[in-house]
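First comes the structure, then the notes that go with it.
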Amino acid sequence: MIYFRNDYSEGAHPKVLEALIATNMEQTLGYGDDDYCQEAAQMIKNKIGAPHADVHFLVGGTQTNFTALSAFMRPHEAVISPARGHICVHETGAVEATGHKIIAMPTSDAKLKVSQIDEAVLVHCDEHMVKPKVVYITDSTELGTVYSKAELEEISAKCKEHNLYLYLDGARLASALTAPGCDITMNDLARLTDAFYIGGTKNGLLFGEAIVIINDNLKEDFRYFIKQKGGLLAKGRLLGVQFKALFEGDLYNEMGQHANDMAEILRNGISALGYSFFSNSTTNQIFPIFPNELVSELEKVCSFEHEGPVDANWEAIRFVTSWATKKDDVLKLLEELMKLTK
Amino acid sequence: MIYFRNDYSEGAHPKVLEALIATNMEQTLGYGDDDYCQEAAQMIKNKIGAPHADVHFLVGGTQTNFTALSAFMRPHEAVISPARGHICVHETGAVEATGHKIIAMPTSDAKLKVSQIDEAVLVHCDEHMVKPKVVYITDSTELGTVYSKAELEEISAKCKEHNLYLYLDGARLASALTAPGCDITMNDLARLTDAFYIGGTKNGLLFGEAIVIINDNLKEDFRYFIKQKGGLLAKGRLLGVQFKALFEGDLYNEMGQHANDMAEILRNGISALGYSFFSNSTTNQIFPIFPNELVSELEKVCSFEHEGPVDANWEAIRFVTSWATKKDDVLKLLEELMKLTK
Amino acid sequence: MIYFRNDYSEGAHPKVLEALIATNMEQTLGYGDDDYCQEAAQMIKNKIGAPHADVHFLVGGTQTNFTALSAFMRPHEAVISPARGHICVHETGAVEATGHKIIAMPTSDAKLKVSQIDEAVLVHCDEHMVKPKVVYITDSTELGTVYSKAELEEISAKCKEHNLYLYLDGARLASALTAPGCDITMNDLARLTDAFYIGGTKNGLLFGEAIVIINDNLKEDFRYFIKQKGGLLAKGRLLGVQFKALFEGDLYNEMGQHANDMAEILRNGISALGYSFFSNSTTNQIFPIFPNELVSELEKVCSFEHEGPVDANWEAIRFVTSWATKKDDVLKLLEELMKLTK
Amino acid sequence: MIYFRNDYSEGAHPKVLEALIATNMEQTLGYGDDDYCQEAAQMIKNKIGAPHADVHFLVGGTQTNFTALSAFMRPHEAVISPARGHICVHETGAVEATGHKIIAMPTSDAKLKVSQIDEAVLVHCDEHMVKPKVVYITDSTELGTVYSKAELEEISAKCKEHNLYLYLDGARLASALTAPGCDITMNDLARLTDAFYIGGTKNGLLFGEAIVIINDNLKEDFRYFIKQKGGLLAKGRLLGVQFKALFEGDLYNEMGQHANDMAEILRNGISALGYSFFSNSTTNQIFPIFPNELVSELEKVCSFEHEGPVDANWEAIRFVTSWATKKDDVLKLLEELMKLTK
């Protein structure tokens, strides 16, 4: 069985694991008050050119999203999200469980359009409705697409116009930033968002997400929220040690690049076989559309997820590559697809 | 200025007010433990043929909805609603504020289709997503439409098939039950839903909604929820006294009928002037589509609400009639419309 | 049966009811946007000497408390309250249901001591604990006691010292302000608190509480909270009409004074019979301590509430007087007590 | 600087770390659906003699507590806890943030008394108050004390009598079960509680808690709750791998025993110096009472936490030992104390 199910099938990148091993018996303060967390936070602030940002480390993505969003909003405020956004679909109502409505805007490519922000604000006009306060986007998105710098600038300006905070879910940020043609950098995120998180779980860590809070309004007492929502890891230094390993050198980008490279080989191979794709992904998630019988056969040799039927005879599925994907496995998958195609 | 803005512009129907006056200086127990509440509850149970139902009285509709829905669901469960449902749009996220996602299904006529229940259940298939548990519908709907008995039977059966509770918001139930062609009775509601509420605020009471809980699973400790959510009125007998006035005779239906009759005159008159409607309403809310200039002129003489533009030149607006609407005012409005139509 | 169970056994004061009757068929805007609410709010602002205050009308006390407290706090913040405070004991966890811890400080007289504010702040020192943000007090308290102006000034100053908001629950404010020896006025409340509410339900209205928000920080979007929490009455003018009746003349104080006068006669009579009291009440709730057998006998002729046993042979009970209490009933009760005493 | 600050200053026990290293590059399903989690769960069920229990793995203790408690209660229900309970004090109101009141019962030794359960149930008698539904206890407690089997049997019986669930927080369960004189086994916990968790974070894991759900009523859809509350780790196998390492052999008990042994040496040494203790701990947390000056001096050489002043001149502090504590460090600390005592 070859795995293209997701980007968290393995443990940690060997360099990350080594850092954990090397520091295992050190004694440190708990809850992220240790030196490793301080150092990793400083590295991130240097890297993104935002010396005044606050950086906190949490364990997982869903946790980071609902902790941040519930900290950023008052009870009557709501978050605007693409309808395919992770918070809308795959977090078991975690944001609603903190008391907030998500205003879901339909999209075909999982990217929010500037006009949809206007539309959401226009509709929610008085106290009988929730009040939009945050815009949530993901990059790369749930369909593997990415925002251009121009798009992000536009969204950011629109948020400012409407007095909305812009929060970017970077669970797969590494694959976005290293995607072919992507013109966004982390410095742009620091400049254009009010907060964003740098995903570790889906890019080579055992676990861990680093939230970067740029806007001063959103900083106060954030550690209280992390604690209350269950994200303040007792052995917090595990997060500092891992993120330090990511950003001491260029490991973060290298892993994102590798995942994208593997996806590109796969995408080109599938195109060459004559198949099309459900979305225009340039990153490590690709969504080929195959005949139903091919999908059934493929399941015997490969682990992947189903996106859903596109018509009676064809189905979209999802392949995900990662820092750990071996080129051999990609070629093996292409070979299988070739066999199943004719 | 003539008022067609809503069905709660006046105080109470004179008979209701008289009952309040007559009992004003009586001393009773608080919080609905008085005899009036017991009697009114019994009357309702008799009327709907559900001797084992529980009946409770609350102050307002939004309050009733979020109190009931949060009592009926566990934290990971969600409610399926037409996207135009009152809980989705006009309750300031009250249901989400109790921690629950609303799964909103798009509709053109504000009525949920059976196939949409299947669809919502199918999509929400594992623990990464909320679990559908309640179906919420309104009758009459936000667009003045009503369900037929066949439709309600189908929805009820579908809910049972998927182990979902069916909850019906009857804020405007009187106008539904007395609508021309409506073949549903309160007994049908008692037979086909798990809980529903009989709206008083929009049908001649100062305030008050009577929730009827049919399904035994939903009955336990309901008074705790009313109290916790702020709906347990200290002078609870005000609710009992008012609902008794509604159901001692046939006042409930008479008021609904009057509202519908007034709407029908208005609807026919507008049709005769050559205008069409945004929805196929048979009840006390009608949504004519007028030229923009007419709408502007009309605002000078009549109070109403805007539904929204249908294209660049035409707009849908809402007229609402009620138990208190005078035929003279209807005729006056039609006269104005005739003048503006020329 | 004579009623001394509570101060909401009857309907409304006749003058209040008359105002409702007189305005019943008027057509007004809904949700408190009508002229009556505006006028009543203005009267209150004039009366308390706080032209810049915001005044909103809600239906009940529990609703007002959790709406206000959840609007005033961020999710990690907590409210300090005397352990006998209404929000701690008799609101079915309504404040916790909005997500906030109540820090309960034990008291014998239901009044919060300044030193307890220091204590609560001192203990809650880092992000592993909630952060105190609001101080909640009631006046008159659940034991019928009242704060002196000196005490309130001290508490207010202490709140400012610790950056806490002071919120006063005035469900029984009328009885406090008209208590013998009370040196506090509504102007003092406007000067010393950040927000307080003027209770109507327990002082002659059918229902209704007027919350007065003094601190600008707490004003924004408050109507959203009222709506979300179910307190935005459709026929909002009912609240405006009633509060206008309270404050056009001096009805508010007159009713509080009457309740206190009745309680004083009762208190003196009970003292004369040789009994003592569970609390040093000067208002309309008194807590005599009687032998168990007397209590049992008394239940046959009088409706009252039990406070609880003070030892094996004696029990404290609660008598409440109100604007509607008749002097004859007080004398009748004293007569019964005299009979049961020897 | 010698560390006696807590039992999570280091990383993982070497055997645990080795297991993580050995499995690092394996590909598994995510979210705990992997074989390691299945195997570890089975081991635990075998060990505790509860084949029908459900076992789930979460990341941290606060997370486990609020996830479980919010899953076990309906919105109006409350949990009874000793006032020193972790959920009352050190979880930033996490349980309240899910909407539930904690009924805190004062204790001097952090252990709940059976009579306090009666008391809490007695007081909360109607719908104006929360309804007690769960009893929360910790073992070992926040003061290092442990329950005897007789005490636990009594509490369990009392919970059944009042239809309450018994939930035991086992963050430091290893130190309880291996304490001198402790007559409780894990089998007893499976027999006497409705759910409990086996703490890993404070006993040699990088992180991780295993919740064991015994009562069938509490099992349904628990994974939904873990996901919604942010505890469903993407690389869930990390938890399975670690817990397997704990329970393949006897590592869990060995680590608990070592921590207790180290504490015993320390306790005896401190006693020999003539000092007394704030609590009668038999486990790995001890609370000696020292003169203020000694405490100040000690801070220069040792890292520990302050429990608080016992009078003007004496203060209680906390020393914690763990699986990683070196006997040399214990002796070094005793030496320092001897010097400071002179």
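We just call them A, B, C and D in the order they show up, numbering each chain from 1.
Heads up, the rule we're going with is that a residue touches a chain if its C-beta (ideal position, glycine included) is under 8 Å from a C-beta of that chain, and two chains touch if they have at least 3 such contacts.
None of these values were measured; they are calculated from a predicted model.
Visitor: Can you name the chains that touch chain C as well as chain D?
Guide: A, B
Visitor: Treat touching chains as neighbours: how many steps, at the fewest, connect chain B to chain D?
Guide: 1
Visitor: Check A-B against B-C and say which one is joined by more contacting C-beta pairs.
Guide: B-C
Visitor: Where centres are the averaged C-alpha coordinates, which chain has the largest centre distance to chain C?
Guide: A
Visitor: Looking only at residue numbers at the chain A/chain D interface, is the share used by both copies over half or under half? Answer same or different.
Guide: same
Visitor: Using mean CA coordinates as chain centres, what's the chain A-chain C distance in Å?
Guide: Between these chains, centre-to-centre, one finds 50 Å.
Visitor: So what's the Cα centroid distance for chain B and chain C, whole Å?
Guide: 34
Visitor: Rounded to the nearest whole Å, what is the centre-to-centre distance of chain A and chain B, using the mean of the C-alpha atoms as each centre?
Guide: Centres of chain A and chain B (C-alpha means) sit 42 Å apart.
Visitor: Can you tell me which residues of chain B touch two or more of the remaining chains?
Guide: Residues 75-76, 91-93, 97-99, 127-128, 130, 224, 227-228, 232 of chain B each touch two or more of the other chains.
Visitor: Provide the residue numbers of chain A that touch chain B in the complex, in ascending order.
Guide: Residue positions touching the partner: 75-76, 78, 89-93, 96-102, 104, 127-130.
Visitor: For a test of understanding, state which residues of chain B touch chain D in their complex under the given definition.
Guide: 31, 70-71, 74-76, 98-99, 127-128, 130-131, 221, 223-228, 232
Visitor: Can you tell me which positions in chain D touch chain A when the two form their complex?
Guide: 3, 5-6, 8-12, 14, 17, 20-21, 23-30, 59-63, 66-67, 91-94, 97, 201-202, 206-207, 224, 227-235, 238, 324
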